[in-house]
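Structures incoming, each one as structure tokens.
Each of the two complexes below includes chain A, the first together with chain B, the second together with chain C.
Here is the complex of A and B:
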């Protein structure tokens, strides 16, 4: 079953489109990283899924229910943590937990106690007096404690120091591992934050989903390539998968290969006999930059 | 605490890095045959990796015969095997070819590479 499905989902603000005809399916049990530069439409998409915003076109379904018809019983199975989200400022963490507990039949008191200790959260201080990191941990604590089937996190790591970020991730990983599949959708503009967690990566830019594939497949097909030889030149027609081709001198060609494979390796060797071809793996964050630059350049051409 | 360590490097599949770390820990004797191997959940939480990835690590190491699953007891490190003929052929072909290609590219000569291989061989034996 899919935890999330979007069909031609669109939303504009006035005449400005934020999400454009987006179609997407996320199977349950996956950890999906929603990546994209600022203003790409990530927050709008997540709000559309949760019915916090109405679409101007298309539909979405979440845990098998139409987003526009979500009721309290579905919201009890969904956790939502967003940067800067509203919390009852006057409550202490202990009061917040007491307030939430009766609302959720699946509330796990033992997990709540364990997480609160792990997060090192003071129970007796009002939320308004907590630091940014503490507030995010309080929001995560109140969501994880009812063991939701789906966690939606919007830029959860922004401004968190590395120690707090690590505690936050450790908290998230408390959720899976029992008999129910748990699905995570996490938006971020910084892939390094989720590199070790993501099964799948979606890359959003200009309201469109440009890429949706597994993190391992992305790492598998992207390579930087450097060719060093004497008086070499790139072939006239650009071979499939070649991106960002540069020639800093007559003896060096550099490029990013977006469709690397053993066949692509042989093609490179055949194109440049007698030259040295070195090939290096790329991090997801390097791949993300290539995709973002590619989108910016093609969007620029479209506008011109 | 896990009985082995992983020094994560960006750009390489997480799953490959963890399986390699386990095999290295076995080669050095840090993980002894018969000792208990951590559960998927523990692996995921201690290494801060996706539980699906942790599951894939255990499944593939079990399929390779590096780990043994005893129902009701848990997963343990398998005793060393001689390795199948196919495994040995694969090592000699793929891994060594890659080493030789890289070494030639960097301008190393045969003696230096052989000496380095011997050095590593002794290092792992020494730890054990």
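Here is the complex of A and C:
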């Protein structure tokens, strides 16, 4: 069963489209990283899923329910933590837990206590006096403690210093299987933050979903390639999968291969006989940058 | 329901101190005045504590509580929690009910019961004050922040007032009540009018919400607001007119008598040092005021006539006509003390005293004023002056009787009369009175009408009656303090000076009044009931506007014999 389904989902603000005819399905039990540059439409998409915004076209479903008809009972199964989300500032962390507890039949007091200790959150301090990282942790604590089936995190690492960010991610990673929500959706513009966590990756740019596949698949098909030889030149017609082809000197060609496979390896060897072909695996971060640059260039051409 | 109570508990915990302060100030502002522990002339501090601070605290609290869980924007904590909009709205309304409406209801119930107020007056007061809360709450819920609330509340108020002014101008027959009208001084009806206009503006805001496709929120607010608006709408347009009132429980309305004559007593006089506002430019100009003494003749026994307005116009010999501005009713309230005295005595079954013939000392009647600049155009021209005098005929009836002793009080249909200090000054009694009155915009008749004070306060007559000695004394002079309205409770202070002692048979008792006389006396308060209005037109032939005198001389000059 899919935790999330979108069908031609669109949302515009005035004449500016933020999400364009997006179709997506995220199966349950996956950790989905929604990536994209600033302004790509990630936050808008998540708010559409949670009925915080109304779509201007298409539909979406979350845990089998139409987003536009989500009721209180559905929100008992969904956790949502977002950068910039309002929290009851006057409450202490303990009061926040006390307020949230009766709202959720599945609230696990022991888990809440464990998480609070793990996040090192002072229970008696008002939220307004907490640092940004602590506030995010408090929000996460108030959402994980009822064991939601789906956890939606929107830019949860934005503005956090590296140490706090690492603690935050470590906290998610260290959650025992029973304590972890089954499905995670995390949006970020920085892939490093979710590299260790993501099962699947979606790349959003200009409101369009450009890529949606598993992280392993992405890592498997993207390679940096360096060809070193004598007086070599790229072929006239660009072969399939070749991206960002550069030639820093007459003896060197560098490229990113976006459809690498044993056949592609053979093709490279055949194209540059006598040359040395070095192939290197890429991190998701590097892949993300390639995709982002590619979108920017194509968007620039469209605009021109 | 549990979610509603859960949110309510959270809000009470959050705003507990402010809520307690609000309740405390509201109690002070109402009970303090009712129990007379607030000095009625306490100056700025009392004004702030009694009137300004409760309103400010209420506004801040209503806005804060509505915006603690905002309905505007997409960042609110509650939006992604298992809290339904209905539960949230119910919790917020419940908060307003618990913190504002319930204490107000309790206090009003106590005061209303103490003042023998009819249940409909009580209900009117509760609905009126709750409606005000609802308007504040709605505005706060429809906008995103306190600053926005203030700006939008001011804008909504302005929009409501402008709209009402436009309606009042286009449809003058509606006699719509505008907050700045100088001839309606009571603060309570003004506040209520402001509430009415704010309500209309809130409807405009809701329409805007609907137009911007916030359908769910619009419907939620309409469900709450529409019944209130429908109910208020059927009552307020009637209540906010200045039509004559009929006191509930008063004797049946007396019939208007015929044959009252108006006697103009020459010479007419012109006062050259008056001022006149030019209706076209608003400038204050030096003006001449034309007046003449007048008396009413053939007024039936027990009746008095009261001036309502005077309209004058002149037709010159060449047929040209000029109409002067109409004078309102802010001049003499009674024609003569004699006629009032006669009417008071008749109502109490006493023989009217043989007062001096005051008919020849009739009050001056201001016929018209004209700016000096304008009068130059009329100098030396003869014509016929036509003056139409609109009058109201009144009949007194006994309303309240209570011992003429300090501390005595009487409650009657939502009104309370209390006697303060009663003393003897130069052989005459002087009594301080305190008049409390409950009012509601939803009540269209009787003493609970918000504009009762203005139209009725001068229609009270006061008699000291000593049945044991068979004597009485009539009010000879009076002073009214400023009206001090606290929400629905109006407070009016009066000081009444009584005249000579008279035997009930009509002869004067030539002895000063003393404390022993007061011991046995009762204070009878009478109320003048309107029998209706009528107009009389008198004509001054061979009328000529005299030369204006620029000298600051207050001596009037005769201009018509």
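Assume the second predicted complex is superposed on the first by the 290 of 304 C-alpha atoms of A that agree within 3 Å, B and C clash if a C-alpha of one lies under 4 Å from a C-alpha of the other, contacts with A are read in each partner's own complex, and residues count from 1 in each chain.
By our rule, a residue touches a chain if its C-beta (ideal position, glycine included) is under 8 Å from a C-beta of that chain, and two chains touch if they have at least 3 such contacts.
Because the structure is predicted, anything quoted here is derived from the model rather than measured.
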Fit or clash - chain C, chain B, common chain A: fit
Partner chain in contact with A:266 - chain B first, chain C second, else both or neither: neither
Which of chain B and chain C A:78 touches, first, second, both or neither: second
Touched partner set for A:23, first chain B, second chain C, both or neither: neither
Touching partner for A:87 - first (chain B), second (chain C), both, neither: second
Chain B versus chain C as contact partner of A:68, first or second or both or neither: neither
Contacts of A:52 with chain B and chain C, given as first, second, both or neither: second
Touched partner set for A:102, first chain B, second chain C, both or neither: second
Angle at chain A between chain B and chain C, C-alpha centres, nearest 10 degrees: 150
Closest approach of chain C to chain B (Cα atoms, Å): 25
Contacting residues of chain A [partner chain B, same complex]: 29-31, 166, 169-170, 173-174, 176-177, 192, 195-199, 216, 219-220, 276, 278, 281-286
Sites on chain C touched by chain A in the complex: 2-3, 6, 10, 14, 68, 70, 74-77, 79-84, 87, 213
Partner chain C, residues of chain A touching it in the complex: 47, 50, 52-54, 71-73, 75-76, 78, 80, 82, 84-88, 90, 99-100, 102-104
Chain B to chain A touching residues, read off their complex: 8, 10-15, 40-41, 44-45, 47-53, 105
